[in-house]
Structures are given as C-alpha cells and as structure tokens.
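Below, each structure is written out as structure tokens.
In the two assemblies presented below, subunit A is common to both, partnered first by subunit B and then by subunit C.
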Partner chain A sequence: MNFSIVIDNIPLLLDGLWVTLHLISLSLVLGFMLALPLALIRHFKVPVANQLIWGFTYFFRSTPLILQIYLIYYGTGQFSWIRDSWMWVILEKAYLCGLIAFTLNTAAYTTEIFRNALDTMRKNEIEAAIAFGMSTWKAYTRIVIPNSLRRSIPPYSNEVIFLLHSSSIASAITITELTGAARYLYSKYYDPFTPFLAVSLVYLVIVFLLTYIFKLLERRFLSYLSINHESTKKLGDFGNP
Partner chain B sequence: MKKFVLLAMAFSFAFSLSAKEWKKIRIGTEGAYPPFNFVDKDGKLVGLEIDFAKALCAELKVTCTFHAQDWDGIIPALLAKKYDVIIASLSITDDRKKTIEFSMPYYTTPNRFVVHKTSPCGLGTEPNGLTTKTIGVQKATVSENFIVENYKKSGIKSYVTIEEAFLDLKAKRVDLVFNDALSSSNGFLNTPAGKDFNFIGKEYTDPKWFGIGIGAGVRKSDKDLKKLLDKGIKALYSNGKFKKIADSYFPNTDIMISKK
Partner chain C sequence: MEKFLEYLPLVLSGTWITISVSVLSLFIAVVLGLLGAFGKLWGNPATKRICTIYTTLIRGVPDLLLILLIFYGGQIGINYITEFFEIDYINISPFISGVLTIGFIYGAYMVETFRGAILAIEQGQLEAGHSFGMTNLTLFRRITFPLMVKHAIASFMNNWLVLIKSTALISIVGLEDVVRKSNMAGQITKQPFTFLLTAAMIYIVITSLSLWVIRSLEKKYQVIE
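For the complex of A and B:
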C-alpha cells in the first residue's frame, strides 16, 4: 500500500475519470434516443423492422462487450474498402469506435427494457384513455409512453450502472479511461492494490451519486405506484396488480 | 510460551529450508510475442523462449509448468506468487531491478521503428522529425518508456499486445510501431501481413533505456533461484544448446550475449 502512487498521478487519474464520464454519458444519451423508437417498433411489431431490431438486440445482448469493441475497432481496420471509405474518418478514432460500441450496446439493452415496459402496460389504463375519447396517438403520447418510461426507471438505473462498469474495458482499444489509468499505474509501479483500490473508490462514489439521482427520479415519477400513496389507499387494490 | 515461539521458529526455518530446494518451477510467460513466446494454432505455448525454458529445466533437472499472463501484469503476478520465474523477453533495466531480481541475460536484440514502405518519413526517426506522427508501442515495455519520455510531441498509442499495434499499423491508425527488431521482423515483417512494411532508422540499444539484455525475472526473496538459473544459463551457453535453439529461430542473426 503506497498512496503516493495515487497522489503523484492525480492528473492521469482525473484524465481517465473525465474520459470515462463523457464516454458513458454520451453513449447513454445516444443509446436512449436510439432505443425509444426501436422499442416502439418492437412493441407495434412492425413487419421486417421488428425482426431486424430483434436481431440487433439479440446480438448485442448475447455477445461479450469486449468482442463487440474488438470487432468495431480491430475488425473494421482489416478491410481496405472500409479504410478507403468515408466511414474511416469515424472508425479510425479509438474514442469514436468505443462510443459506437457502447452506444449500440446500451441501445440494445434499453430497447428491450422499454419494449417490456410498453408490452406490460396495464390494459385498464389504456381503456380509461380511450374512454376519455383519446385517439391511439394521443393515448400513447400522453399515457402509455410516459407511464412506460416511468416504470423503466428501476431497470434502466441498473443498465446505467452496468454500462459504467463496462466502460473499464475501453482501454483494450487504447482509450485510457479510469480503469486504464489504474492499469497503467499498476504496470508502472507493479502495485495492483493501491491504484485499483483508489479507482474502486471513485466508481463507488459515482454509483452512489447515480443511485441517489435515480432514487429521486423514482420518488418523483413512481410514487403513485407505492403502496403508501394516497391514491392507491383510496382505490384499494384496484389500480395495482 | 517462549518454547512455543522457539518451536514455531524452528518449524518455519525447517520449512523455508526445504522450500529452497527447487524441484518444481512455475514459469510465467506472455504468449503473444512471436517468435519468442506465443500460442500456436493448437493453443500450445511455443517459441524460442519456451524451448529455452524447457532446455533450462532439463539442464537443472527440475519440472516446470508454464503459465500465460497478460503483459502489463507480468511482474505483479510474479510478486503475487502466481509463478516463480518470468521468461518472457523481459529486458533487464534499473527500474525493474528495484522491484525484482534478474538472472544473467540470455539474449539481446535492438529496438527499431517499423513503417509502411511508402510512408514519407523523410525526416528520419529523431523526435523532431516525428512530431506529426503517431507511434504505436506495447504497454509496460522498455519501448514504451523510451517513446513516452523522448517523443513527447508525437502521438503515442499503447497496446495490450504488440500484435494489436501491428494491426493498427496496417489499419493506418498509427504511422510507426516501435518494438524489438527481431520480434517485429519475425512476428510481422516476414509474414504475409507485413509485406508492405519495413524498418526505418537506426538500431536503438542504449542500456539506459533498453537495459543490458533479456533476463529471467524472479522475486527478490528468491536469490537462490536466481543462482540456479544463472548456473543453467551458463551451462546452456557453454554446451551449445542455447545457440542451437537460437539458430533454429534466427539462422542469420546473432542474439547471443557476447562474452566480455
């Protein structure tokens, strides 16, 4: 245990932390924007597109993320027709390859989270919306999608934390993120314990903050599902499964 | 109580004595550094250093087992007692000597830059000529230290294995790769993948950066093992067995440590 290793290399670790944070937040935003329409297509079982998206989510959810990163980074570099095309402007950069891999990966998981929420929407809420004279479009934009998104918060918070942890493999394609910086110190000073413990603490703090934010979101958006909520008290078990 | 402590000390002393007779040696290697140590198509560890290690074990009449370990953890895993010896083209440097003990060197090679044949590196390989270039190196190597300290203005990308650095050289994500010259020629330049590439610039051998050669690494507490390995290496050098192994891999290049 030699904490001077960590203290002497604070700038390196901060750089790593910064890379981790913007890589992950950008992937999450892009993945979220991708996942919403894909989930709706899956929910409405749009022919052909539904099967294609199923294939996409199946592939990205059933193969290890490290393979996806290797395929996108080293895999694409093998083909001269890719290297000679406009795609190479993007694929040449390790950071953008990592961003693509993380975005597609989180989009696949998030699509299935949203689709599941949409599919398990309670019928009586839709019936109530239609009874109010809403069109399908209105019922979806006002009731079904907001409600599904609210109910997706708990599984989505897991996905965010998983993606944060997965980002540690970005160093496999020369992106020095937080874990990569710790690995560098580990091989430079031959001390695995101090740097890895230090970055573990940083991950702990990030996850603590994330959990707190999601707790607040749940309190704000999901309290109506809580058994202590006044509306459910009045309704008894009517509104809840 | 005192008696008990004495007894315990006697036991531990006896135990440590018996532990010093090396009958079994666990060897750690990388397995991704052709032709020195790599995994063949059957998934077996092979290469010059694997042959050398086997000959060494036969010479010392000990049984050896091999353990593959990612390069950047190769010294930490030794310290964590995952194996007893590193035989993995580990350069003997003052920096590493602070942490581990080395056997006598058993081979030596220069380091060189590799570029695409058509690459216009007209300014040579001095730091000032490469400020606009990106150099690929392997993580936690003497080559990386040298490049990171001396080519501060160039782009530097560090790879987990040297094979990945060559993949990116082919893919043009890096302009040059700096690496052990024999590893580069046999692992890349002499293969179909490397036909459009060649060496550029001089051979880098400054002991300040690259050490005095390649040695076997052991823990500082295992001085007896270092002596044993030295004995074995000397024997393999004097009976010609090491030369035979080296010649079978590099018929045209001398990698032997010259006698001074």
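For the complex of A and C:
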C-alpha cells in the first residue's frame, strides 16, 4: 500500500466520484420516470403494448449490462443511416451511451418491481376506495399507486445499490468514473492494491449511506406494515393465543 | 451473412467458456456459501465475525472492482511467491482468476441464501426429528438439508442468473468469453451490432433455459411441505 498515490491524485478520484454519482442519479431519475407508466401498462395488460414492454424488460434483465453498453456504444456504428442522422451526435459520446444503457437497464428492472407491487395490491383496499365512491382514476392516484410505491421501497433499494455497482462497468467504454479513475492509477503506477482498495472503500461508504437512507425511508413509509406497529399489535395478540 | 456464418463458431466457442466459467464458479460459490451459512449460524463468535465481514464487504463492493483487484493483485502476489521459492514465472490466467473471483463473490450471496433457508425451517420439524431419537447428523441429513434446499431454490436460482451475467465482466481482463469473442468478431467484420446482438440472444437462451429449470424444480420441491 502506498497512500501517496491516493493523496497525489485526490482531484482525479473526486472527479471520478462526481461522474459516478451524477451518472447513477440521472439514470435513476430517468429510469423511474420511464418505469412508472410502463409498469401501469403491464399492470392493466394493455394489448400489444404489454407484450412489447415484456419483451423490453426480458431483454434487459436477461443480458449482461456490459453487452447492452457495447451494443449502444459500438453496435450502433454499424448502420450508416444512424451515423448520418442527428442521433450520431448522441451515440458517438461515451458518456451519453452509458447514460442511455443505465437508464434503460434500471427502467427494465424497476418496471417489473412496480408491476409486481401493483399486481399484489390487496383487493380489499381497492374495494374500500370504490365503496367510498372513488373513480378508478382517483382510486389509483390516491390509493393504489402511492401504496404500491411504498411497498416497492425494499426491492427498489436493492436495485439502486445494484446500479451503483454496475456503474463501474462504464469504465469499459472509456468513461473515467470512480473505477475508471482507479484503473488509470493502476496503469500509471503499476500498483493494483492502493487504487482498487481505496476506491472499494468509497463504494462501501456509499452503499452504507444508501442502506441507511433507505432504512429511514422504510421506517417513514412502511411502518404501518411492520408487526411492531401500534395499529397491528392488537391484531397480533388475537392471532396468537 | 457469409461473414456472420464464418465468425459464428468463434462466438459459440466463447459461449462454451462462459458456461464453463459460470458452472465452475457456481460450484465454488455453493461450497463457500454452505461453509459461511453454517459458520454464521453455528460457529463460535470468531467464525461468526469472519463470516459477517466476508458477506458485508463482498456485497458492498462492485464485482468489476473485485475482479480487477484479484486479477492484477493476484498476479503480483504470485510473482512474490515464485521469486521467493525461485521457481519459474507463473502467469495467472483470466479463466482461473475469473472462476475464483466470481466464486468468491457469489459465495457471499450464497451464504445469505442458505442461512435464510435454514432459518425458514419450522422449529417443529426439528423437534419432531429429535423426539424420534435422531442424532444431530441424521437430523441434518434427513430433515434440515432437504428442507433447506426447498427454501433456498428461489434465491439460489436468482443468484445463478446474476452470476452468469457477472462472468461477462471477466472479458474486461481478457477472458475469451462470449462477450469478448462477439466484440472481436464485430470489429473484424465491421458488423458489431450483429455479433453483439447474437451474444445477447445466447444469454437470453441460457437465462430462459435456467428459468425453465427453476419452475420445474420449484414444482418438484413443492411436494415436501
């Protein structure tokens, strides 16, 4: 271990951290915005669109992310009609290709998380909403969607950490994010331990922070589902004589 | 099309590497997973702590970073050993280091899979076994293990699906797997999209076959209730 490698290159590593953070935050926001309508279409089984979205999520969930990044960055160059169009301005930039791949990837996983939450919504809550005279639209916007989003927090937190880990793959198409910065330092000093271990520590800290934030969110939004909650305690007493 | 057929065998030979790396690392992951789960549940405090550190650290760091660390760091470590014992230089291959790394990473995930599965077993089942006068070993062999397998299937197969996709990352340190081969074929023929899409299709076939196996296994183990 040679700590001077890390200290001498703090600006490079901070730049890498910055790229990692805004790459994943942007793709999470965009992926979330894509996933919600797609999950609703899947939930309502809209003909044709449902099958198309199923194909999209199946493709992105069953192939490795690195292949998806290569397909968008290297693959699209095969077609002259793409190279001659406005799209090439976007697709020749590594960062934007990475952003597209991460967004589509996380959208695919998130769509299925939300769809699962929507499909497993308890029937009596919808019945209660309808009994109150709510229209389907009102019942969904006020009850079903907010409740499903709450119940999606635990699997979604896994997806966020998964995406953080996946962002290291961006270094394969020359994006100098955190892992990319470590790989550059390795090639410069021929020391694998210091840069890779230092960067691992940074990832660990981010993962712990994210886990902590999601724990707080769960406590705030899911406490009504936990067994220890006041409102469910009495029920539990009756359930276990 | 001619070029596609000419380079298809190259991509298929990469597929074989992908499958063998996946299966071999799955084997290592299962062994480490079982050891870790037993250690976490029944070990002494020191063993428990080591197992917890293992699962927490490995699951917190990106797979790619661990691959880079073990591949490049492992080579330097081996160089020290060969120099010390004055034996010939040994070149660590991406295949071996890839299998070891992926096995080591997914071992951490398997620990949680098996631990959760053992914890999900009803106490009554074990008590019933005890009252039949079973020894601890018989109890494990006849009751704990089969029930653990039943509870572990879903999470185990999920780990397997993530594991196959993770092996694609070893192509970055030079493993000649389906991703690297299709990328090479794409560059030579100037048809990167065709070949990368072929590789993607191969992954879809492997995943779909795995999903089919999961469904039939789940049906089979549903009988034990």
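In this text, the second predicted complex is superposed on the first by the 233 of 241 C-alpha atoms of A that agree within 3 Å, B and C clash if a C-alpha of one lies under 4 Å from a C-alpha of the other, contacts with A are read in each partner's own complex, and residues count from 1 in each chain.
Everything that follows uses one rule, which is that a contact is a pair of C-beta atoms (placed from the backbone, for glycine too) under 8 Å apart; a residue touches a chain by one contact, two chains touch by 3 or more.
On a predicted model such as this, the values are computed, not experimentally measured, just so you know.
*Asks:* Answer with clash or fit: subunit B and subunit C placed together on subunit A by superposition.
*Replies:* Pair status: clash.
*Asks:* Of the two partners subunit B and subunit C, indicate the one touching more residues belonging to subunit A.
*Replies:* For subunit A, the partner with the higher number of touched residues is C.
*Asks:* Taking the superposition on A as described, I'd like to know which of subunit B and subunit C A:74 touches: first, second, both or neither.
*Replies:* Both partners, subunit B and subunit C.
*Asks:* Once chain A of both complexes is superposed, is A:83 in touch with subunit B (first), subunit C (second), both, or neither?
*Replies:* Only subunit B; A:83 stays clear of subunit C.
*Asks:* Could you tell me if A:65 is touching subunit B, subunit C, both of them or neither one (first, second, both, neither)?
*Replies:* second
*Asks:* After superposition on the shared chain, which partner residues are touched by A:183: those of subunit B (first), subunit C (second), both, or neither?
*Replies:* In the superposed model, A:183 contacts both subunit B and subunit C.
*Asks:* Which of the two partners, first being subunit B and second being subunit C, lies in contact with A:92: first, second, both, or neither?
*Replies:* In the superposition, A:92 contacts subunit B only.
*Asks:* With both complexes overlaid on chain A, does A:165 touch subunit B (first), subunit C (second), both or neither?
*Replies:* Touch status of A:165: second partner only.
*Asks:* Tell me the contact category for A:174 with respect to subunit B and subunit C: first, second, both or neither.
*Replies:* After superposing on A, A:174 lies in contact with subunit B but is clear of subunit C.
*Asks:* Please identify the positions on subunit A that touch both subunit B and subunit C, taking each partner from its own complex.
*Replies:* Shared contact residues on subunit A: 74, 77-78, 171-172, 183, 186, 192.
*Asks:* Enumerate the contact residues on subunit B facing subunit A in the complex.
*Replies:* Those residues of subunit B that touch subunit A are 71-73, 75-76, 79-80, 99-100, 139-140, 157-160, 164, 167-168, 170-173.
*Asks:* Show me the residue ranges of subunit C that touch subunit A in the complex, using the header's touch definition.
*Replies:* Touch residues, subunit C against subunit A: 57, 60-66, 68-69, 72-73, 76, 161, 165-166, 168-169, 171-172, 179, 183, 186-187, 190-194, 196-197, 199-200, 203-204, 207-208.
*Asks:* For subunit A, which residues count as touching subunit B in their complex?
*Replies:* Per the touch definition, subunit A meets subunit B at residues 74, 77-78, 83, 92, 94, 171-172, 174, 176, 183-184, 186-188, 190-192.
*Asks:* Show me the residue ranges of subunit A that touch subunit C in the complex, using the header's touch definition.
*Replies:* 58-59, 62-68, 70-71, 74-79, 164-169, 171-172, 179, 182-183, 186, 192-193, 196-197, 199-200, 203-204, 207-208
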